[in-house]
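Before I ask anything, let me first share the structure, which is written out below as structure tokens.
Chains here go by letter, A, B, C, D, E, F, G and H, matching the order in which they are written, and residues are numbered from 1 within each.
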Amino acid sequence: MAFRVYLSGEIHTDWRKQIIDGCKAANLDIQFSSAVTNHAASDAAGDCLSEESNGFWRDHKSAKVNAIRTKTLIEKSDVAIIRFGEQYKQWNAAFDAGYCAALGKPYITLHDEALIHPLKEVDGSAQAWATKPEQVVEVLTYLLSDQLN
Amino acid sequence: MAFRVYLSGEIHTDWRKQIIDGCKAANLDIQFSSAVTNHAASDAAGDCLSEESNGFWRDHKSAKVNAIRTKTLIEKSDVAIIRFGEQYKQWNAAFDAGYCAALGKPYITLHDEALIHPLKEVDGSAQAWATKPEQVVEVLTYLLSDQLN
Amino acid sequence: MAFRVYLSGEIHTDWRKQIIDGCKAANLDIQFSSAVTNHAASDAAGDCLSEESNGFWRDHKSAKVNAIRTKTLIEKSDVAIIRFGEQYKQWNAAFDAGYCAALGKPYITLHDEALIHPLKEVDGSAQAWATKPEQVVEVLTYLLSDQLN
Amino acid sequence: MAFRVYLSGEIHTDWRKQIIDGCKAANLDIQFSSAVTNHAASDAAGDCLSEESNGFWRDHKSAKVNAIRTKTLIEKSDVAIIRFGEQYKQWNAAFDAGYCAALGKPYITLHDEALIHPLKEVDGSAQAWATKPEQVVEVLTYLLSDQLN
Amino acid sequence: MAFRVYLSGEIHTDWRKQIIDGCKAANLDIQFSSAVTNHAASDAAGDCLSEESNGFWRDHKSAKVNAIRTKTLIEKSDVAIIRFGEQYKQWNAAFDAGYCAALGKPYITLHDEALIHPLKEVDGSAQAWATKPEQVVEVLTYLLSDQLN
Amino acid sequence: MAFRVYLSGEIHTDWRKQIIDGCKAANLDIQFSSAVTNHAASDAAGDCLSEESNGFWRDHKSAKVNAIRTKTLIEKSDVAIIRFGEQYKQWNAAFDAGYCAALGKPYITLHDEALIHPLKEVDGSAQAWATKPEQVVEVLTYLLSDQLN
Amino acid sequence: MAFRVYLSGEIHTDWRKQIIDGCKAANLDIQFSSAVTNHAASDAAGDCLSEESNGFWRDHKSAKVNAIRTKTLIEKSDVAIIRFGEQYKQWNAAFDAGYCAALGKPYITLHDEALIHPLKEVDGSAQAWATKPEQVVEVLTYLLSDQLN
Amino acid sequence: MAFRVYLSGEIHTDWRKQIIDGCKAANLDIQFSSAVTNHAASDAAGDCLSEESNGFWRDHKSAKVNAIRTKTLIEKSDVAIIRFGEQYKQWNAAFDAGYCAALGKPYITLHDEALIHPLKEVDGSAQAWATKPEQVVEVLTYLLSDQLN
């Protein structure tokens, strides 16, 4: 059975593609999953259900539709990679980390040194901290090495 | 048995005190808990264990010591109030929200309108969103009203 | 420790009072709990958080505030009594029954013979079906009898 | 692996077929499941076990046989769609919603505006509310879009 | 907090009394619990709910009422003592043992050598096997010895 | 995915074969499992590990080896059929029933009318009671009927 | 409610006493627990049940009796302190650490620098590593500081 | 579906190979898994993430990376074989045993008679104790025999 890796966080750089391409190049049997990463589509996830004049409820509806997907995929994953970039609040990434922690689901954080202090609680429950996508590929390559049978 | 309320998030304003004072004034039987809110003490939580030259590991040690307290108190609470202020990254607050969500522990967020969009996933799993401490007091007063026996 | 009984469902007749009075008369050490049974207050549970022009969201907010209380009390109870009356949809009572069933929390239904067929799934997961409050009192009296020590 | 969708509730209109047909047309990899929707067969589910003169016990036996199927399928599903129509008590649908809520299993309700108030507790724990089957198809299409790998 | 011991099985000899008296004599802080041990009352536990002409359903109703008590007490206990005597089928005692095993709740069996072979699965998941009540008292005395603080 | 049925209990009549043959004739997609039903092999399950002069420990070792298989298969099954025959103590069957009950795993009992009273606790937590293997086949045929997709 | 600390491991030095005395001196509201630390009594825990000629089974019986106590106390504790000394195999201490890890129960290890490498998996799942009892006292003092209410 | 066996412990003898070869010769449908057994690679598991001057943190990082793999594989296995050899502390093997015990995951220990006493707690929660790999093969052969269908 393929190893299942959930990719959470930043959608403005190509870190997902770097990890996926790196793992393909390493020929790893991994099934990647993620939230819907199209920002506009994600914000509009609930729009088909009814029109909303109030911004809070529009966001609320979309967030709850998106949670159907993210919750299911996180629970089915074997490990999550949680990326924090330089911009935006990215509270959803920290939320996913807390969700993983409570489930006992291992996760690896991916962020620059500059974010060490504000991420200390998130890193404190992580199994590893990487600064570059290629390190994540290297860890995954290691984790899937030396299989029996 | 007292209702147990965990207060998570911002430590730079007196929102905790406002809620606690408001609940005392309303004579509610509530036991409040929280992470250690002394910032310097919290950052130094692991310092007694050994000296650390590397900032990451100093933070790591303290974060893990603090997690002994926060994890236990969140799990024992009946509801968490999670506060997001204007400053700082506050990823630990979003982490606590995700932790609650995965446990099925109800939580109420407390933040300004300006933060609605970046907090949509955090609010999407919350039971309520308040903008002022007195609203939290009002909700808690309601929740503890009309007791049988 | 007192036995904890959650009383769910109909708020338009005095069945709660009959059970509580009957158990007091029988001198049983029971702690009763319930949702807030003041209908207007319950519908307005979320009103303090913000004004809502849209009826769905007003109901939504109040329902989620109420769930903080009901979820907690159901989970802490030893048994739930779930009452279906003649009027209204009472879907919240059936919802509570399903909630109990999934948790493995025992519950007793309380309803007339006329409702047997539409309640067959709800009764199918119940530990007992009573038609009158005094039968519930009799069952509880039996359950708390013959204590050791 | 196919996404698994459980369809609960009303058996007197063709909403199941509309959703299934819509998802097939959209080429979604979904495995649908449901209770036995043949009303007479469902009511007679326990008749082969013994004859019953008492209506309560006939219903009871059938309900418990049916629960073997519904409980298993709900637990294996990724999301449930729970439909409330205009007729009948439909307490089994609300029961399924409560069952999902306690398991942390996401569900989407499908009902008209007229039912908003009596369904507020059921909707309060739902991830989304739709009024038409095509909206459900649209949400499912979105949820299965933008897959990695 | 008192140690909680559930006493399951045979109701035709005074083994419960021997254990309770022995523990009192040893001054142990134990809270004992049990199913209702009055045989006639236990068989009639559901009779107040309605009259039943069919023996299966009379037993069924009573068994389900009794389960409200036994399930709750087993789950709250720290250890169960499960007694098998010489007479009767005593399937309820074996059922309680399986229930404990699945919950990870430790239990001690109490039976003669003659029953070793037919009880091998029940003993296989037990933490200990005793043949006499005084051995159970001795084990409990040991378990509560040497307390810190 | 095939429906998984665990067959527990009596090994001296051919009830397993009757159910399996009946389900094959009905073309049902079911995967059956069971404890090792060769009595001598089952009693000797632990003999390869070391010789044992003491009967209790020989039984103990074998019971614990067998439990590796039965525990795993029960947990993976969708429903268990638990058979009680006329002979022997059959405490292992009642143990399996209790194990299922605590896991929330549905089970169907299969036994004659003569055993109703001593099996009342076991039947009380069952989803159905059958007296003949062909009834079990009929129930399984019903449960697997009317599949969507 | 007092904070509950389980003290696991080495019984040949007075580290338990040092921690308990230190916490008393600091006036902390902690309830300590432990396995029975009288070595001879612990080895003989099952002797009252029957005589055993075979060393494996004597140890086995005592280990299982002791597990009734240790399992219960670990599960009820808020944090475990797990001590590794210089002598003996101390596999029971590592076993307790793994038990805590799987339960998500936080634990602190207490051992010298010399043991870092062989304990890396045990430390890897710990919340903290201390080398001296007074550090554990300091951490506990911190964890119980700054209480609200 | 193949039976899944996790092989934990000693990496300095060829016991894994003996068991795998024996099971292949017996034509058993088993999927074996294990930690990475290359000692140097395992110690260096976290080295790609950053350089570490401090031995504790180097070990810590590697241990946490390795735990992503071991935790996942243990949780997915049906049974674990846990081997203790003559050399080294082998606390990771005892840790895995405790982890299995807390999860209710069955495990078999594999060690010489000389280790009986120090391993009594580890053996006390095991389903079986073997002294030679061929005994493990024999037990697995038995467990996979006599399959239905």
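Here is the rule we use: a residue touches a chain if its C-beta (ideal position, glycine included) is under 8 Å from a C-beta of that chain, and two chains touch if they have at least 3 such contacts.
Since the model is a prediction, treat every value here as computed from it, not as a measurement.
Ranked by how far their CA centres sit from the centre of subunit G, the chains are topped by D.
Relative to subunit F, the most remote chain by averaged C-alpha coordinates is B.
Taking the options A-C, F-H or E-F in turn, the interface that duplicates G-H in more than half of its contact pairs by residue number is E-F. Taking each chain's centre as the mean of its C-alpha atoms, subunit B lies 40 Å from subunit H.
Averaging C-alpha coordinates per chain places the centre of subunit D 43 Å away from that of subunit H.
A straight line joining the Cα centres of subunit B and subunit G is 30 Å long. A straight line joining the Cα centres of subunit C and subunit F is 36 Å long.
Residues of subunit G in contact with two or more other chains: 64, 67, 104, 129.
Residue ranges of subunit E in contact with subunit D, taken from their complex: 53-54, 57. The touching residues of subunit B, when paired with subunit C in their complex, are 78-79, 104, 106, 108, 127-131, 135, 138-139, 142-143, 145-149.
Here subunit E touches subunit C in the complex through residues 7, 16, 20, 31-34, 36-38, 41, 45-46, 48-50, 61, 64-65, 67-69, 71-72, going by the rule given at the top.
By the touch rule above, subunit A contacts subunit B in their complex via residues 55-56, 59-60, 62-64, 66-67, 84, 88-103, 113, 115-125, 129.
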